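Two complexes, one shared chain (subunit A), two partners (subunit B, subunit C).
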Partner chain A sequence: MRPGWWLAALAAVSLLACDNELIVTVPQWPNGGNLGGTTPLTPAQQSSLEGVWVVEQGNARFGDTLVLKWNGNYLGVYAGTQIAYMIMQGGSTASSIYLEGYWHDANSERIGLAQLSTPLAGGGTVRLSGDVGDGEAVPSDPLVARYLRPIAPAVLARPFWIISHHGSGGAPEMLPASENSVEIAKIIERYGANGIEVDVRISHDGVPVLYHDNGLNWRLTQKGGLVGPVENYTFAQLLAGVRLIHGEQIPSLAAFLDTVVTATTLQFVYVDMKPSSVNNMAGIIAVQQAALAKAATLGRTVHIYLAITTDEVLATFLAQPGYQNIPTIGELGIDELNQANSTVWSPRFTQQIPAADINALHAQGKEAITWTVNVPNFVQQFVEQGLLDGILSDYPGLVAYYYYKQ
Partner chain B sequence: MASCPTTRGWWPITTTSNSLRRVALAGALLAGLPAALAAQADHRPSTVTAFASLGFVHNVSSFEVPPTGLERNGVAGGLRVMWQPGHLLSAGVEVGHTHVYSVKRPVPGTGSEELDQTLDAWPILLVFSMAPAQRLHINVGTGPAINTSSATLQGTTTSSSALGSSFMASAVYLVPVSSALALGGELRYLRLAKYEDNNLSLQITLAWLMSRH
Partner chain C sequence: MVPGKIRTAFGVSAISMPAALVQEAAAIRWPMFSLDAVMGLPRHFMLAGTVSSEIATNHFELSARWQAHLTDRLRADVGLGGALWFGQLKRFVFDNNVRGRFLYPSASIGYDFGTMALTASAKASFIGSLHARTGELEAASTNNVYNGMSWRVSLEQPFSTHTTVGVSFQMNHLKFYYPQWPLFPTFDHRFWIPEAQIRVTL
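Here is the complex of A and B:
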């Protein structure tokens, strides 16, 4: 046998053995960054930054327009181009407002540190200027943006649901917490969401748990030995034996909703009932009702909806006592929506969504949202039509950009 | 080894330099085309041989975050039946079992309690084989594999399985011990694609000439 054959065989084996994993790591500022020497921003300073900005330098990375919006102490900077965004924190010095954080092209592994500042002195044109970089390198690519206007009051006044798909979208490795985890609920608002969609399944011992795929796999979990459907394992086995890709445990629905209610300001939870939900729908409903009760006790306004996704799920739901009063989302047709007395209609965006149907729902005090819209043009189109009450997307920052830019 | 019985009658020996045969062989090896078997010109006796293997296996996969209590070593074995229509290339079927890896994870909040989890695989392979030198056989195979995991916690074991694909390459060196038996060692690589596992194993192989026509 010629040596070439062996080399070819080795090459083939090497190719087959290649493991291709990509998990983006959020870059960290050296020594904790420069915010330690600043004073926390006042609410007035914060709100002075919120609005629509025109990019004067750095357009290749961020396009022509930025939308800035605070989510707690984090300033989301959303750009339409490349579905890029920045997550910043701020402080003030004697002479300026200083922002520091990172930028990310949500469609790729391009990520890096970012810093911006604007003089405190009022008057004239307000500009943010600074730099962005690659990875943990000191930022050196200039970014300059000019303040154009605040977010339109009518836009802010209208409730519009920006719902993060699976908690953190279809590319969970692109965010610092795993999809369908407790940890993602704590941070997803920074990325532009005010709602979150998660997927519920029933473990072998009847516990409603969050997990999307039909089986355990290395797309969603760290390689660890358990394979097959989560439904085959007890909750204790899942807790001990599975780590999501960023190291978290598979959560129970109860733990997740408790976190949403007590540790976030999310207002909309979309619980997608996967097929095994029929094994303990009463359990899911009990968890939902407990979370709603806790939210009421705390004075929190949070809508927690169970999504009816298939005919079998609908049939099981209709067999539940008092189902008419259980908040649900209907993913099926209008007839099924009425059967279950669902509050929200959620057709797939590729379906026909007649304006007359939406208007009829609005007349009944119901809402209509759609899933899962990731293409910028479609997001823009749905937002500008103004018919829908929300969009479920893998890129909440993209929806935020088009919504708040109006 | 002068007293050893000859194996030339049923053991394939590669001596050809015919480039067309090599092309055909490469096609069979790389694309898995059994039709390439027909391209062989020689008409030596057709044989059916069974190979039984058992040995040590080591998981060489990369773990981005290696779990606590990871055990990469285990036992693997299999049974392969090969049809050798003449020279150079033989084809057959293999069923096997391999330990992939096991993990003993501490159960959070329980002190010393552990979850024992084991991943095994049962590959079912279509195998092509050739002998580039006397007594040396090179095998490649591909086919489905049943990946089975079990988790034991507090005395309760739960099992689950998922079907995936697999690829195998091995080299076997056999020494005849009788007219129908040969014994040797096998170094093999197994790729389990679904869960991105790569195993290397060293096995003892017993070959039994079942029939010869």
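Here is the complex of A and C:
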């Protein structure tokens, strides 16, 4: 071989070896943080923070407006620029409320610690002030925000689904748990979601499991010995041989739904039936029905929908006994939606979604959502149009910002 | 290059988009075809034009270059190119279009071994403007952004009396590579995007 061709081969190998991995590590406060000496916030104190705030200092990082919304014991702070957010926890002393956590630009690797406080003494303008930083460095960039108004009651009253795509654990949002995992379901509400979308496939021995891509790959799993489609392996083999990107096991649909029902307050589950779901759709339906029954027993309101994604999936679904009473989402056209008696229409956002179709669905008591909207302009326009009942996104905080800011 | 002489070439490129963007870690996704022509001008100047297309995306670049003959075999050149591009996807469930302008300053150095020529080049990418829409909704509007760099190594050797064949490997380190526009990327991140090309000069 001529030297030039060796050089070309070497160049090719070196070029292809470049790493595009996007893993963001959530920074930790030293010694567990500074909230140890505080008392938990009362519901009234929590409520006093929720609302729309005007950024007075720190605009370059967070834009001009912040939306603050509690999700359990975590305060989501959603910003109007860079898809930035903060995840904070709070405590109070005799004189102040303290908030501590981290901030992140959801579309980049920029992340850092954040701390804010506000005096408890009432009267006058209410301000949150503090600092944010980069990585685990002590925060030193000032952030000051002034309370403007509460979230509009009409906005809070209307059910609107903010659905995290794949659970949102993988790129682009780079959360601390893997997409399509049990672990992501436990934390995704902190990021603004009240719904979650997952992808179901059927293992070689017929178990409905969660996994998105067509094959086991380095985007979703740690480097291991198994290659090829998930469908080639039994569930036991997947449990033993595969770790998701943050180290979790591939979960069964049953384990995932049980976690949603028992360990979260998520209200909407979108089970995207991948092509192999036709191999055991009865099994998927049985798992869905068991989870719905458990939720009913616990008094939990949670909608668990199976998404009909292709013509083949639709044909298989229509062959299931009692399919008319199985809660489903239709990703195909309105005709197919009616065939399956689906409750929710979910067209892709890149196609035309006529207002007349949505209004007709609403008249039948059905809903319309769209997937997968990550571009801020689109999210803003869909929210401001006010027609849709929910948005599927990799950035639930982005949807939360535009929805609760109305 | 002799003033007035025109050299044309046809190329086929394969681009491997980052798995984080396409969500499947498959390697090479689709071919992109290109046709380029270079015309020699007086005083070692050249005018180059390239049309690149993968059907849904079309990119038209025009650049001026100046070449220095460092030795009989070693040459270097610098250039400045501008490109207009547009894309349209109105099939399946898509109703999207995009248009924009790029600016490409570049430099290269090449050595003629006699039986083959080796060229290394670097090209910066600036987004002059980018406007993407889906239906009536505006997805993105960007102006005047430094986009990143591309580096290329090319080997070229005679194939027949009037034809040469070249193989190139290019590594792009870009925030936005125009063939990826239908993915509507939202990352503020420069990805490594490898690209291989086979090129025949006509």
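Everything below uses one rule, namely that the second predicted complex is superposed on the first by the 382 of 406 C-alpha atoms of A that agree within 3 Å, B and C clash if a C-alpha of one lies under 4 Å from a C-alpha of the other, contacts with A are read in each partner's own complex, and residues count from 1 in each chain.
Rule of thumb we're sticking to: contacts are C-beta pairs under 8 Å (C-beta built on N, C-alpha and C of every residue); 3 or more make two chains touch, one makes a residue touch a chain.
Only a predicted model underlies this, so the values are computations on that prediction, with no experimental measurement involved.
By the touch criterion stated above, A:G224 is placed in contact with subunit B alone, subunit C being left untouched. Once the two complexes are laid over each other on the shared chain, residue contacts for A:T350 go to subunit C alone; subunit B is not touched.
When the two structures are aligned on the shared chain, A:R300 is found in touch with neither subunit B nor subunit C. Touch criterion met: A:N374 reaches subunit C, while subunit B stays clear of it. Once chain A of one complex is fitted onto chain A of the other, the partner contacts of A:E109 are limited to subunit C, with no touch recorded for subunit B.
More residues of subunit A are touched by C (comparison of subunit B with subunit C).
After overlaying the two complexes on the shared chain, residue contacts for A:Q82 are found with subunit C alone; subunit B is out of touch. The intersection of subunit A residues touching subunit B with those touching subunit C, taken from the two complexes, comprises 5, 12, 16, 19, 215, 217-218.
Of all residues in subunit C, only 16, 18-20, 23-25, 93-96, 113, 116, 118, 134-135, 137-141, 153, 155, 167, 169-171, 184, 186-189, 191-192, 194, 196 touch subunit A in the complex they form. Subunit A makes touch with subunit B in their complex at residues 1, 5, 9, 12-13, 16-17, 19, 21, 23, 204, 215, 217-218, 222-229, 232-234, 236-237, 239-241, 243, 247, 249.
Remark: subunit A residues 2, 4-5, 7-8, 11-12, 15-16, 18-20, 22, 82-83, 105, 107-109, 170-172, 212-215, 217-219, 347-352, 374-378, 381, 394-395 touch subunit C in the complex.
Residues of subunit B that touch subunit A in their complex: 14, 26, 30, 61-65, 67, 101-103, 105-108, 115, 117-119, 132-133, 138, 140, 147-149, 151, 153-154, 156, 158-162, 167, 169, 189, 191, 193-196, 198.
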